[in-house]
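The structures come next, written out as structure tokens.
Two complexes come next, and they have one chain in common, subunit A, joined by subunit B in the first and subunit C in the second.
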Partner chain A sequence: MTLIAGIDIGNATTEVALAEASAGAAPAFVASSIVPTTGIKGTAQNTQGVFAALTQALDAAGRPLADLGLIRINEAAPVIGDVAMETISETVITESTMIGHNPTTPGGLGIGVGTTVPVDDLPRLSPGTPYVVVADRGHGFEQVAAAINAASERLDITGVILQRDDGVLVHNRLTRKVPIVDEVALIDKVPIGMPAAIEVADVGRIIETLANPYGIATLFGLDPDETASVVPMARSLVGNRSAVVIKTPAGDVTERRIPSGSLQFVGERSAEVDVDLGAEEIMRVAGSVGEIRNIKGEPGTNVGGMMEKVRVVMGRLTDRDPGGIEVTDLLAVDTQVPQAVTGGLAGEFHLEAAVGIAAMVRADKLQMQRIATEMTEQLGIAVEVGGVEADMAVRGALTTPGSSVPIAILDMGAGSTDAAVLRAGQQPRSIHLAGAGNMVTLLIQSELGLETSEDAENVKRYPLARVETLFNIRHEDGTVQFFDEPLPPHTFARTVVLHPEGMIPLPLRQPLEVIRQVRIRAKERVFVTNALRALRAVSPTASVRDIAHVVLVGGSALDFEIPQLVTRALAEYRVVAGRANIRGTQGPRNAVATGLVLAWEGSR
Partner chain B sequence: MTVMDEKTLRSIIEEVVNEFAGGAPRGGTAVATAPSVSSASGSLRISEDGPAERGINPREVVIALAPGFGGRMTSTLIDLDHGDVLRELCAGIEEEGLSYRFIRVFRTADVGFIAHEAAKLSGSGIGIGIQSRGTTVIHQKDLPPLSNLELFSQAPLIDLDTFRAIGKNAAKYAKGESPSPVPVRNDQMARPKYQAIAALWHIKETQLCDAAKKTQALRVEYR
Partner chain C sequence: MRPISDAERPRIGLRVNDRLPRDRIAEVLHGIEEEGVPVEVIVDAELNPLQLAHAASLASRLGIGIGISLDWVVTTTEKLPPGRPYLVSVLNQSETTDRAAGANAARLVKRMPLNV
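Up next, the complex of A and B:
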């Protein structure tokens, strides 16, 4: 009888399976545990987490550390993931030609065209031409309204641009109503004496004329060439409730592609791709070079810097020369990031195209042996490195009730997505791909413009709800739940994530449905893409259809919707996929740790 | 920020000391008819208009004044005219397309309870309570009185822009929107610098309370 601990050090968690094993009999599992991994997977800092997890499992089993006969750790299928984001387009406004922000409360309705004039000049102006009045924060709403009312008998005033949030206040006090755009922060930069058009749409509507190139052409009498040049402007105003367009001699709005450099894939063949062509092209090129040995970024460019950072971080953590570190897989995902518009007058934001990249590094095979040696010294217990991680995961996954060989597993973790296939009488085939839970968090964080990854992590993990009153919430599926006690005041009228320890309000303005869509799309783009990519690679025929059964394991398989998303996507290929239940008790957790214990017998 | 000069301070202290020494509180019933307050938009005139009633208009925010606000006291700790303060609160509410109503609470000078009273009488369930020194609370009717939606406890740091933002946020809560809480500055020196004055201010306000008097509806005018 020997007490054996199988320990799986993952990117996010360290898991232990503790079992009594004796020759000729199946090991009897006595306890399991799970703690967050300390440091980056495959590095010396891991030992702290291992010790914590081991103590937890031993305590649960009521056994002292001294009883432990053997520790088996995974051969850290040597992948370490890292994620980064690169914006590849930017919107630039030159010469203050456009105000395209969305003040929550503009004033008035409709369209007004006129020449821009400061409010103080109104008494001196001569009638005959229409005017758009510009007022800075030095002018109170009563003052602005009084000045316009006094002049409106004499002059044709067609619109107002305000610096303060006074749109409705001025509107309520005007005798002749005009459209008003407010909260224009940099009002000093609004060109004076230029033709301008203001449009304000009704509540819940969006502007139609200024978001249409021909609409702008009609208002300003543009020729076909000029009309072509206002297309980017019209496009960037789509979806706004209010807008101002000012016609200046050289003003323009352009969408610029940021040269972010190229990626070079070195494999059986070599190929290069420009990052600003987008994720689809990057992934196509990545798939065309055969087995990838290394990926390099063009030196001196954004993507070059990004890849270099990955190497330096990994080099430092694994105590190796950064130059020798090889990036062996990469997942690129197209995304959109809210960015401040350069040259904007009212702090406008525009959704810019970006590429999110998850990179994976092949770590040192000797690294785990080093950790094993260190642990032996510290604990005084024999520590051995047992088998390839994916093989161990397959063995663990086979303890799921109802599973049998041939089997494929999809291990969806935090840093990488791994797949392995086991057929009767054959060695398992496995693959490690970049991009998993951390990538989803990054996409959610950047697309929603969240400041902390903690908020993004919460959005990823838990369902959303809207606090409608202090006594009821509406879940994201539309059902209403009531409470007997009032909810905490900081959740009032907010979109919250239903964290098990209480509701957490989100610092977001987007409607709940938008947040939900961002979450689901982020999960699909990472996990569905990687599931197909991984299964294709391990399938004997390179086709997903030829795998009949897929068992989902790993931390991300615990997610409340990722397994369903993957199951649904794989159903299209007639593949049966479902969440594992390791040893009938552990759910999708503990597969590798369990496999390490089970493999012990085979290894003797 | 205007800091109170020594003279004003002295006069407040003297007044409070006199009231303590003189024993008898002034008048049997607190009366909130204000001496005229001069402000940019005319002087503030507040008069009582019978007991305050529960509103049924879901588009309203109720603003409850502490016993001395705009009456015995005419400006906040940092010398902001009470007329201007109310004007900014109202502008914030009006900008969001909602209406407002004023009441005065007499039975307490505690801003939490004052705000909660406003919330309970408000058709939207959202109320604002404000003390003479400037301390302000946004409240919701279903919350316990000592809880709140937003609390602006450091009166010396609340300027007119903040009052505008407070009105705006209260209106947004009434509409069921989720506003970001109004940013408040933090200044460790505000406490030591103003604590004594703030305490005096509060004593004065408390003396104006009248436990027997019902909450009154108010007419607020600028003349």
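Up next, the complex of A and C:
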């Protein structure tokens, strides 16, 4: 009888499976443990975490360290991933020709057309033409209202543009009501003396005329060519409750593609693809070169800089020359990023096309042996490197009740998605794919326009709810929960993340359901895509159907919805897919550690 | 249908101590007005802003009350005890804070995120 410990040093956690093993009999597991990994996976700092995890497991089993006969550690999956985002379109407003935003409280209702004039000029103007009044922060609502009321007997005033949040206050004091757009931050950039149109929609409605090219043509008397040129403007105003369009001689709204460079895939064949063609085309080209040996970005372009950054980060982590780092897989995802409109006057945002890219590099294979030697010296216990991580994971995963060969495991981590497939009578085959939890976080952060990745991480990990009253929230599934104490004012009427340590309000105006869909789609586009990619890559017929069982392990398998999303997607291929339950007790954790113990018999 | 009397109209209640000059509450009222919620102002001899707010919330058909006295703006709802109001701010700190206090009371009614 020997007491052996299988230890899996992962990117995020270090896990131990402790078992009593004897020749010719199945090992009897006595304890398991899990602690956060210390340092970067595959480096000397890992031994601290290993020691903590071992102590925890030994304590649970009531055994002293001296009883331990053998430690088996994994040969770590030699991959590390990184993510980046590249915007490929931008909206530019020249000469400040429009304002399209959603102040919470605009004033008035309807449409007004006239020439823009500063409020101070009103007494000097002559009647005959309609005017749109522009008032900056220096003018209080009473002053603005008084000036307009004094002039309205004499002049035809058709609308007001305000810098302050005073739209309703001014409106309530006008003797003749006109539509008012307020909270225009950069009001000094509004061109004066130009024809302008203002539209404010009723509560709960969106503007109709200024979001319609023919509507703009009617108001300004445009010819067919000019009408064609206002299409981008009309389009970017769709969905707003209020808007201003100003007709200046050279004013325009353009949407242009940003040249972002090309990616070169070096494999059995070589191929190049322009990043602005989008994710689908990038992935098609990536699939056309056979096994990828390296991926390069065009030097001097955005994507070139991005791939260079990946190499530098990876070089630092693995202590190698960045030039020698080879990027061996890449996952591109089309996405939309809210970006501040160049030339916008009221902090307008526009959804721009972007491509998110997760890249993966091969790391040094020898480091685990170094750690094993170091641990032997420190602990005085034999430590051996027990085999390829993915193979160990397959062995561990097969202890999930109801699983059988042919089996695939999907190890969904933070940096990469690793997959291994075992078919009857064959050696396990493993592959490593770019794109995992960090990519999901990046997509959520950029699509929602969140400032911190911490908020995005929270959106990814925990369900949402909306605070409805002082005493209740409505969960994203529609159920209502009541509280005895009033909920804090900073959460009131907001969408919150239900973090275990309390509600975190999100700095977002989007409805809860929109945020939820962004989250789900980000997870699908990374994990469902990678599940299918992995299974196709290892299937002899390139068909996903040949795998009977897909078992999900790793940190992302603990997610509250990723396993269900993958299960649902793979069900279409009649594949049984689900979260692992290692040894019937450990859930998706401890697969590799368990596999290391189980492989001991065979390794002797 | 009979006409709705003023007392029945859904409004935020605002009770202000009778010794406080009326112009000191102007920006709080503007904050409410900009949000488009009606308000009823009652002058009261009570000095404690907590009691003023509590009484105002109980009388308001919207269940939201503001009490202004001494140097405080207190906002509460009919469901909270007098000693535990929902929002408290210092009166006349700036135009912005007074407007925010008024706007927040209105936003409680509209169930919109507060400016805190």
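Following the convention adopted for this analysis, the second predicted complex is superposed on the first by the 592 of 604 C-alpha atoms of A that agree within 3 Å, B and C clash if a C-alpha of one lies under 4 Å from a C-alpha of the other, contacts with A are read in each partner's own complex, and residues count from 1 in each chain.
Convention: a residue touches a chain if its C-beta (ideal position, glycine included) is under 8 Å from a C-beta of that chain, and two chains touch if they have at least 3 such contacts.
Quick caveat: nothing in here was measured; it's all calculated off a predicted structure.
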item	value
Subunit A as common anchor, with subunit B and subunit C clashing or fitting	clash
Contacts of A:Pro489 with subunit B and subunit C, given as first, second, both or neither	both
Which of subunit B and subunit C A:Asn46 touches, first, second, both or neither	neither
Touched partner set for A:Thr13, first subunit B, second subunit C, both or neither	neither
Touched partner set for A:Val168, first subunit B, second subunit C, both or neither	both
Which superposed partner A:Gln586 touches (first subunit B, second subunit C, both, neither)	neither
Contacts on subunit A seen with subunit B and repeated with subunit C across the two complexes	104-105, 141, 165-169, 172, 468-471, 486, 489, 492-494, 505
Subunit B residues within the subunit A interface of the complex	40-41, 91, 94-97, 140, 142-144, 147-149, 164, 168, 172-173, 176-178, 180
Of subunit C, residues touching subunit A in the complex	30, 33-36, 77, 79-80, 84, 86-87, 104, 107-108, 111-114, 116
Touching residues on subunit A, where the partner in the complex is subunit B	104-105, 140-142, 165-169, 172, 468-471, 486, 489, 492-495, 505, 507, 509
Subunit A to subunit C touching residues, read off their complex	104-105, 141, 165-169, 172, 468-471, 486, 489-490, 492-494, 505
